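In what follows, chain A forms one complex with chain B and a second complex with chain C.
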Partner chain A sequence: MSEHFDAIVVGAGPAGNTAAYTMAKAGLKVLQIERGEYSGSKNVQGAILYSDALERIIPDFREDAPLERHVIEQRMWVLDDESYVGGTYRSADFSKPPYNRYTIIRSQFDRWFSQKVRAAGALVVCETTVLDLHMDGNQVVGVRTDRENGSVYADIVVLADGVNSLLARKAGFHGELKPRDVALAVKEIHFLPEQTIEERFNVKGTEGVVIEMAGKITQGMVGTGFLYTNKESVTIGVGCLLSDFKSRGIAPYALLEQMKAHPAIKPLLAGGEMKEYTAHLIPEGGYNAIPPIYGDGWLMVGDAGMFVNAVHREGSNLAMTTGRVAAETVIALKAQGKPMIARNLAAYRKALDESFVMKDLKKYKDIPDIMDKHRQFFTAYPRLVSEAAHTMLTVDGIDKKTKERAIRKKFTLARSAFGLFADAFRLWRAFE
Partner chain B sequence: MHIVVCIKQVPDSAQIRVHPVTNTIMRQGVPAIVNPYDLYALEEALRLKDRYRGRITALCMGPPQAEAALRKALAFGADEAILLTDRAFAGADTLATSYALSAAIRQIHQGLPVDLVFAGKQTIDGDTAQVGPGIATRLDMQLLTYVSKIVSLDLAAREVVVHRRSEGGVQVLKTSLPALITVLEGINEMRFASLTDMFRAERHRLTTWNKDDAHIEDATKIGLKGSPTAVSKVFAPTATNRRAEIIETQSGQPVDLAATLVAKLFSQRPEVALAMKPSSTHDSRGSA
Partner chain C sequence: MTRIEEKLFQNRYRVDTGRAHIEIADADICAVDCQEKPCTFCCPAGCYAEDNGGRVTLITDGCLECGTCRVICGEHRNVRWEYPRGGYGILFKFG
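Right, the complex of A and B next:
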């Protein structure tokens, strides 16, 4: 087989689907290869869909995409062993269409997306694994799959094969993933009747709630937890740095079990029936961990390129955006009749640098390092904040000034005045 | 030689859940797969094609999404794929389904005479094993069910010899064509399609037939109208909480273990013990 395509996209997640869709729509001859039984069969995410990134390529996606609930309320919880301190933002404005964020179930959503890719004219082949890249010198010229007559060629290969891109590593485009740069997340989907969800979370219709959590639930490891409401189920999960799981010897499922038993979380899941358990690696190394994302005859998009904003829990929108920008780069070069070599493909990186993708990742580039080195953000502070709230809210005849003094003393004892100042400074610098 | 292979798209029964409140089967979000038994039927047809040449037409009745099942059949090597889809078919039981499929096969036969029809022994969602025999009866074809091996096919003499699993053994049967064969699991191992085949399957223009294309003569015999089966109730059996018990004896000798077990059973069911007692005289047929 020596069929030649304009572009081959490896992988059918949000990044690969967006790239394939955009290129096929522009009239390019596109082949997409997915290793799972169908797009979405192996894809795992929380999952929140940010409308904006999808709207840019499929403006009317709301008409037929399988969406669960639109998010009208976000809660942020910092948990101690038995309590949590938190903030909530809820707005009726979020219930005015077009909605900004949705909870989705990826196996259904990705299938829908894949239909769109097919309808746009791309040839989509599933249950096929790409084993190697075909090279002509430094130029990637095609891929070799695990099927008979399995080689196929193209002007450009878009690597959308997810976190831990084995292809890129095999080809030497980047090194082994560092356990410090990836989080291991586990999640469960618990079935709950629609009515129960509406009552429990104070929502109606397709309204939904998102709870993001940090604190003692991660047992001192760098990570966060989450709880999302779907139509007839609730998704709960927790993710921490792989290096932390390794050094602490904590089993991810045990961590999730403990989190589910928290007195603030347990009642939210009560009566539910577990439907699904999944685990996934999330590239959270941030800006400094981004590998080379283009070269002669290849581009890298989505998780493969470490495009995840761990601070804001954004990933799929970065995947879609990098997929789209990569596709637009290829379309433009094709139109100009320019070869797909690194010098020309550098336009991809340049366009990303000018977009929110790189700007956001750059803004938070020091966060992974700070969180990794300064564990107090996951240990001492949740406890201190919780104790402070407890002290202030307990009415026991002690005057408020004395209480404030006691709280201050606790903070300085735990971190010292200088430590507190340094922590504040670190965060200010990192978030500035 | 022309073989029609009937395939059905079914929900992956390993992933089906029962709605905890309404007790109905939750199909939403459950991945659809090709009925696994039908894949054995397809592979067996492909093997005959490898040996004797000819054409294979995959036939599927179902909603438009069932296209995926036919594409899979095409990737493995089917030459043609026909999706029988019409709202009028909805709600069909095995009687109405076999009526519709036999009408379609008659229509396929008009185009190119059909020598063999293959089907899986049953589907994993209905488990009835009725549609294959239903088609054979309506088309007046020889019927061979639970076939574990196709021994020989003589196209000149128009004869086929098969092994058929039956209670307590294997029947060796010879019959004349055209015949309908339903195959057992494990009769073969599915091939792995080449990349060329995958491309061909993806690009193939499927033939879609509605009830008129299939020349359905009597519209009261298809869909819900043509289905006398009434599902009165679907429920999940409640989980029992019986514990297994491990019997141990000091000696660990099988004879002691058996004696302990028997004593235990008798103590739980004294009536059985009483009925068994006369058995030592050898003339009782008392049974437990």
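Right, the complex of A and C next:
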């Protein structure tokens, strides 16, 4: 492996695959290195696939991609100990092709994606871990792998090595992740007969349901839970800020067990067979936590660059978009015969700034801080909302006006009138 | 409650025997300087345990390669963390 490549891509998740695919398709000589047994065997996600980002590079992906269910119903639940208050949006419109989002199983989906990368002409090498970057002064010129004589060289190295971003850290491009900038999510997949899923979630064919959850299930920590329906399985998981797990002394698997035992969730899993338990860090620091994403001879894409919109639970689409934009930057420089140095690669950052990626992350830049500092959004409010619903929906001979007064009193006792106003203002400012 | 071992039992691994990809750099730091020992409760695979003498032991066989232990050890930086050799470690069936 001492050949010279136009580009080396480290990692075969959605960001790395998109970058490798796009560059290979444009005729560049691309090497992609993946440490797993096959592309996908080290990758973890919920998982929801947003069609748009993939469509831009593989318009006909629906023809052969392994997709589970297209999402027609989205539920948002705020849970208390015994109850939940929620909203549902379901539309038959979501069942008209082309579908907007799908549940997927990542190991299968990534494997399919990898076939496309190979077909586009990239050389994909698996079971190979990249140990560090080869430098020539400040310029990244290649990578050192754990294979014998495992050094390879290229004009540009695309770092798509995921949230832990070890390579850039070892090279000193950025520091260690902060526990408050990442969420630790744990997840299980439970297999159920297709018919059971259809009956339980009121869907047919490939229709699917997504449930996003907040409230008591995170035990006061900043975080959310989720349940997604696949063809013959459901995935259930919960993620909270790592700093919260640390300060609260809660074991993540115990949190998941407790969530699964909730009276609203337990029946949805009943009779299922758990076949895998996974954990993953999700970069949730947002705009302010984005590290340098380019330098002499390197570009950073996907989770490594903290490209996750935690508010909207979007990540894989940002990964694909950053992967594509990085590839397009390289392709353009190559065509112009310009060297892969920071000054020229700055075009990548500029293009991202003008895309939805940075615009969305910038819009929500204050959210992580607000959620971290104002725990009432995860503690007091779920309880208050649940109690309010309980009060209003219990028929007990008390008039509704008296009930409203009691509810208002509970809210002001918990947060004070000023506190309520301030919280509303905070949210309005943050989401504006 | 399901024990963590039962959960991990469902997973597929190729263990690189004799080559732990994560190591505690200095056992004394865990035993003496670190009171909270967050690795012993934050690790989602329960790889870290505290023995009676207050020492932290690490068995990486069930590791999910998430990075939690390295990130939470921020003050002491006492976790030497690498990915397993190519092809080894957790092999997600579904991910």
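Just so we're on the same page, the second predicted complex is superposed on the first by the 431 of 432 C-alpha atoms of A that agree within 3 Å, B and C clash if a C-alpha of one lies under 4 Å from a C-alpha of the other, contacts with A are read in each partner's own complex, and residues count from 1 in each chain.
We take it that contacts are C-beta pairs under 8 Å (C-beta built on N, C-alpha and C of every residue); 3 or more make two chains touch, one makes a residue touch a chain.
Quick caveat: nothing in here was measured; it's all calculated off a predicted structure.
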Which of chain B and chain C A:152 touches, first, second, both or neither: first
Chain B versus chain C as contact partner of A:193, first or second or both or neither: first
Chain B versus chain C as contact partner of A:3, first or second or both or neither: first
More chain A residues in contact [chain B versus chain C]: C
Touched partner set for A:105, first chain B, second chain C, both or neither: both
Touched partner set for A:52, first chain B, second chain C, both or neither: neither
Chain B versus chain C as contact partner of A:37, first or second or both or neither: both
Partner chain in contact with A:128 - chain B first, chain C second, else both or neither: both
Which superposed partner A:163 touches (first chain B, second chain C, both, neither): second
Common interface positions of chain A, toward chain B and toward chain C: 37, 41, 105, 107-108, 128, 145, 147, 275
Residues of chain A defined as touching chain C within the complex: 35-37, 40-45, 47, 105-108, 110, 126-129, 131, 145-147, 163-164, 166, 176-179, 182, 184, 186, 188-189, 233, 242, 245-246, 249-254, 257, 274-281
Residue numbers on chain A that touch chain B, as the complex places them: 1, 3, 37-38, 41, 105, 107-108, 123-125, 128, 145, 147-152, 191, 193, 273, 275
Chain B residues touching chain A - in the complex, by the definition given at the top: 17, 20-21, 29, 31, 68, 192-196, 198-199, 202-203
Chain A-touching residues of chain C, taken from the complex the two chains share: 1-2, 4, 7-8, 10-11, 14, 36, 38, 41-42, 44-46, 64-68, 70-72, 74, 77, 81-87, 89-95
